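First chain A sits with chain B, and in the next complex the same chain sits with chain C.
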Partner chain A sequence: MDVLNLAFVAAVLTSAAPVLYAALGGALCGRAGVFNIALEGQLLCGAFAAVAVSWWSGSPWLGVLAAVVSTAVFSFVLAVGAVAWRADPIIVAVGMNLLALGLTGFIMREALDATGTFAPAGLQGLPDLDAIDGVPVLGAVLGRATVLVPVAVVLAVALSLWLARTSVGLRLRGVGEHPEAATSLGVPVTRYQMATVVVAGALCGLGGAQLSLGTVTAFTENMTAGRGWVAVAAVMLAVNRPLWVLGACLLFGAAEAWGFRLQGIGLPQQLTDAAPYLVTLVVLVLSRIRVRRRLSAADPLAAENAAHPEAVIHPEETR
Partner chain B sequence: MSALAQRLRLGAPAALVPLGAVAVAALVGALVMLAAGVDPLRGYDAMFRGALSVSNIDFAVAGFTAILAMSLAFAIPARMGEYNLGGDGQLVAGGIAAAAVALYLPGPAVLLLPACVLAGALAGGALASVSAPLSTRAGVPVIISTLLLSTPMVALASYLVRFPLAEEGSPVPQTPRLPDAAHLPAFPGMSYTNVGLVLVLAVLLVTVYVDARTPVGYEIRVAGANRGFAAYGGLSVPRLTLGTLAAAGAVAGLAGAVIVMSQPFRFIDDALTAPGYTFAGVAAALLAGGRPALLPVTAALFTILSVGAAGMERDVDVPRQLGQVLQAVVILVLALRVLAARWMAARARRAAGGRA
Partner chain C sequence: MTDGTAARSAAGAPPAAELRGITKRFGPVLAVDGVDLVLERGTVHAVVGENGAGKSTLMSVLYGLHRPDAGQVLRDGREVRLSSPLDAIAAGLGMVHQNFRLFGSLTVAENVVYRAEPARFGLVDRSAAERRVEELSARIGLDVDPTARVDTLPLGVRQRVEILKALHRQAEVLILDEPTAVLTPGEVDSLFVVVRRMAEQGTTVALVTHKVREVLEATDRVTVLRDGVVTARLTTAQTTAGEVVEAMIGRGLVPAVNPRGAVSGEPVLEVSGVRMPAAPGASRVQDVSLRVSPGEVVGIAGVSGNGQRELVEAVVGLRTAQAGTVRLRGRDLAGLGVRERRGLGIAYVPEDRPGVGTAAALSVADNLALGHHRTPPIGRRGRLSPRAVRAQAADLVRRLGVKTAGVAVPLSSLSGGNAQKVVLARELHHEAALLVVEQPTQGVDVGAGEEIHRLLLDYRARGGAVLLVSYEISELRALADRVLVMLDGAVTAELDAADATEEVLGAAMVHGGGAHAAGTTTGGGAAR
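Moving on to the complex of A and B:
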């Protein structure tokens, strides 16, 4: 029974990790005052680059590196378009998500000569953490996972501390909370926001690599299947706090892992696939009701605009 | 400067930006084709023939019907600043509801046709309506809730078509062929183009009329321009949100019903979502820039892009995903239209300063 439960924890962490990377990136952006809903496209970009370069070079680590670099480059579209040029972040993100879907499918056909799924025999995935197999508890939980899984959890804690305890973290929060005040203190607001978007892109790259070289070893067209949107929901749920993001993503991971369990006892896969998204949405709704109630006492206008986070980013500009 | 030139100059950015977006996308497409080793002229020729040649136009018009409906499904809530990205779920909900009614409700065509279409519209509308209270009462953005509801709906339909509604012994997850009474009458000489096109065009006309000529249309636009002002002026933003989302979902559901009630008269798993009607519709709506009357033009353009892309893949072996890439480029260029607006404003300011 004990082993079964530890195996379940392992499944939860593996399911949660890709979403967690994307959501941590989204939370950083939220803190800096950038509404980032291009997480889905960036995850997909990372997942594809990881598989393509791992296949081409034979090294999964080069694949991870390529995922991080290419997704960071891709995120410049959002950084330049929505932050530097102040275009509507939603429309830019919709375009990016569609571009990632189209480009990954196009390049897969054109360069890798595959349709639907690319999983050739020699594709190298990330190795498991075999070294800790013997350690009690930890071995059972993380022994079958890639190193990217524990790193994601550590990163959530580290980012939380970084935001709270360092001067750069303080400036980042200031940029998001009160850009005018930050500007008057000499903090370059636009530069901070652009850098945050690119760092979030790099994080999405790690998430994508974990998805396509860790969770499975393959790339499938549209393989993120809404995980980037779950990450957006997790960011909202956590109100941009990294530790809460961790909690929200573990919830999603638990729902997905439970789904796999229920499939084992005969429930159709199509129904269990739907569960994590519904669970995420229900929890998001419940938490937002609470947030709004608290807000409406302090700041009725903010409560009115709770469903329009994009509207408060550049309040000086009419949309 | 003559009055006409001045007028042209003022009117120019409105028309120039969408045309510029299409031009940039065409250029990007040409570069991608060159990189893939295909002569862009041949590629675009294959794309146009894939959609508009005599043998393909029938199928392309059916695609146009779906894309026009999905562009309405995005454009209606967008008039008040809400983004409906859950079109796939609403489309599938409409399709599966229409199929279920057709399979389980016996009756003559006179009754069954409207019943199926209505069931589709109701199912799509109901799914989209859920997002309205989530936004106005709980503060969950419509863009997120529509998407998070879409994935489970597609999965649910996929389940229904595999088990309760499945055709036994079929290798593909699909429903049995719908009874003859539930087949939408096709145009003479056509097999895919049918009354569905008329239905969607009727919805378009109603939308254009309501948007431009009725108090509700005005209220929706006021809410889109300034939500706070609309509420201050006594408009019920929650009710407008519910109304626009229900209408949007209903149009998407109608599109799903029309697809299922056309050749090959079945709900086939993935057949509604795989062609990417939803995002072609989003791109068409964004290109039309909040002018519902322009939707048929932009929807036709994106029909050529997405239906033609399949022809291009057949003829010159350029992957059909190029169609998606071009849609994305159009959206991205359109997002940058603020740059053009700002540039114009700066020019106007300079001109005003010069005169003073």
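Moving on to the complex of A and C:
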């Protein structure tokens, strides 16, 4: 393979990683039966905490740790609000997204004395994987990336296996699918769901740290710029399956990396910036159409519903 | 504290499970009142009663879902305190609920072992789980693929998964709450085989039902509940359907039977050469002709999906016939919609009561006013009179003996039989010339079913014409003057009620043809 193409793969992975962390967290929540659309706010929270603590302590690793912990703590809002108190998860999540946006901007102005962008001299980003620069292929793909990039990919595979193969994974799948049944067999549903939401928050923290200490070394107001929403789309597209989430996020990363290239040949930036979102939208619509087709072909009930549209209550909800 | 000796059976062993003096209230409702129930080891014990008799409540107490207000639960002669189903599972109890509690996207094996997984280092041992399912299925004679996704399986198989779930958790007492409600007749038969097999292997089965036939077919002992108290304890081999029914409804059942007799007069309904395209999963209607006279009940027999629904839709105007004519008292109904046809004198009791026949969330009064909302005194110049709606409802509820807490309560709070009476009241009270009725006693208690049959025959006696679609041969024999058999969308036989014996009808429903098929006994008679 020639160097140019490997560089492209590297760019794809780097673009995809933050979204992938958030989407894996979202997929876990979906599996546990909590629809998490707070991913955008959680990513932003992680990105901010990572930069703030890295700058304060001088250690990007402490920044990563801070991102993980603070986003997990932030996720308690969703865990307590939507799971323990049974509030509408959508409303709680919208509140969290607005809170994260407002709060990070506010703290940046008041405590860090910066407006718009915070990138002081001396802010430490995460190091590249220079050690593998010499390794053929792998070095070209990951040599300029942080360790968080390959970890994200490994994590997708690991989560997939964990869900499919372990006792706890099986129970988690059951919790999301039919909480009453899980309860009746003695699985503490609320505890499973709250734990999952918090773990998902920790994953979003990693995603945020990769964004602000890996992809760039800076925090910008609203720097996630919709990546959390793309993650939500990826979760829906993948129907909560980690490997499919990986695929969806790579697609997004490819669109973004391609966008940069197109800028290079003179296309207006506004257009290329929109590319990943456009791709997400198109894929999302196409996949819904396909799912509906397949449902009505395979399932006589769905076919019946198609014949009597007035009786349809979202066929996929019965899956 | 526990006097185990009192409950010892002849063999000397204590019963597998026993309930003593169980009382359970829900607010003002006394659901179960001082009930004793003894489940002897290795028997199939029927717990019967009409809807609302307290069967599910009693079983929920046994399974730890409800704490009783008074009374004791004993397992193998020892008192147990069950504060949740988990305690019940630990005590060797299992329950298959009316609506299954399965994970649709998981496999059969995963469902069976869920939270009791064979595991190594936290990893589920899939092949061990699958072997376990195969071994349990083989033991009770079930055929289940352990790797199938549950949501691809028919309801009968899903029920087996529930049974396997309980067996995997070492249940020695298995409670089946209305297990046959969701099954086809064939599935019911195989369930009973499995139940018998389990009992032979020492499992004790409590079979909840309100169908007398099932009690007699599948059980050893019977406990009958009515309004929360036990009205009879019987040994199946020494009892009769009459005895069970009397204990269930508190009076003898006098089946309503069509007195028959000559029918005269111009036909009310005349269908000739009607064709209809096929709906999904059903036959098209090909060239059907029939007539119904005043004071006559014409029954349409047949296995479900042989064009009965489509024929009815052509008559009541829900769909347009491709060809042929439908005449009501001589008038061609072509081009007329449901509203016009109702206005001309067609009343309709649909098969799908919750979906089409009623608006479950609306009040009883509103349900009784549906379709009459344009006619005074209920509706005048586009305005509805709530007072007239209530007054009419109160009158109908009283006249038909509908059991309801009032006319303002939602229809969904009524039992199946009472909801059906509401539908009949609504359709009959303006004395339409023709009543089209599908499956009038489906999901209805025996007592209420008998009353509904009587209402239909009273309407016939007043000169009403009835087109009756039913999958129950006994119902057709009780009500109809004439029976037409539909097979693959065509009328394949026409019989006088006197000739329409179980055998002849059953054969005609499966093979088509009339008398020549007589003598062939088939299972088609009970098919729906």
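Odds and ends about this structure:
Note that in this section the second predicted complex is superposed on the first by the 292 of 319 C-alpha atoms of A that agree within 3 Å, B and C clash if a C-alpha of one lies under 4 Å from a C-alpha of the other, contacts with A are read in each partner's own complex, and residues count from 1 in each chain.
Heads up, the rule we're going with is that a residue touches a chain if its C-beta (ideal position, glycine included) is under 8 Å from a C-beta of that chain, and two chains touch if they have at least 3 such contacts.
From a predicted model like this one, the values you see are computed outputs, not experimental measurements.
Of the two partner chains placed by superposition, only chain B is touched by A:Val77; chain C is not. When both complexes are overlaid on chain A, the residue A:Gly174 reaches chain C alone and has no touch with chain B. Within the superposed three-chain model, A:Val154 lies out of touch with both chain B and chain C [touch as defined at top].
Once the two complexes are overlaid on the shared chain, A:Val137 sits clear of chain B and of chain C alike. In the superposed model, A:Ser184 makes contact with chain C only, not with chain B. Considering which of chain B and chain C touches more of chain A, the answer is B.
When both complexes are overlaid on chain A, the residue A:Leu99 reaches chain B alone and has no touch with chain C.
Contacts of A:Val232 after superposition on the shared chain: chain B is touched, whereas chain C is not. In the superposed model, A:Thr166 makes contact with chain C only, not with chain B. Taken together, the two complexes place residues 303-304, 307, 319 of chain A in contact with chain B and also with chain C. Residues 37, 77, 81-82, 85-88, 90-92, 94-96, 98-99, 101-103, 105-106, 109-110, 225-226, 229-230, 232-233, 236, 268, 270-271, 273-275, 277-278, 280-281, 284-285, 288-289, 291-292, 301, 303-309, 319 of chain A are the ones that touch chain B when the two sit in their complex. For chain A in complex with chain C, the touching residues are 165-168, 170-171, 173-174, 177-178, 180-182, 184-187, 300, 303-304, 307, 311, 318-319.
Residues 85-86, 89, 101-106, 110, 114-117, 119, 122-124, 151, 279-281, 355 of chain C touch chain A in their complex. Considering their complex, residues 32, 36, 81, 83, 85, 134-145, 147-153, 155-156, 158-159, 162-163, 227-228, 231, 279, 282-283, 286, 319, 321-329, 331-332, 334-339 of chain B touch chain A.
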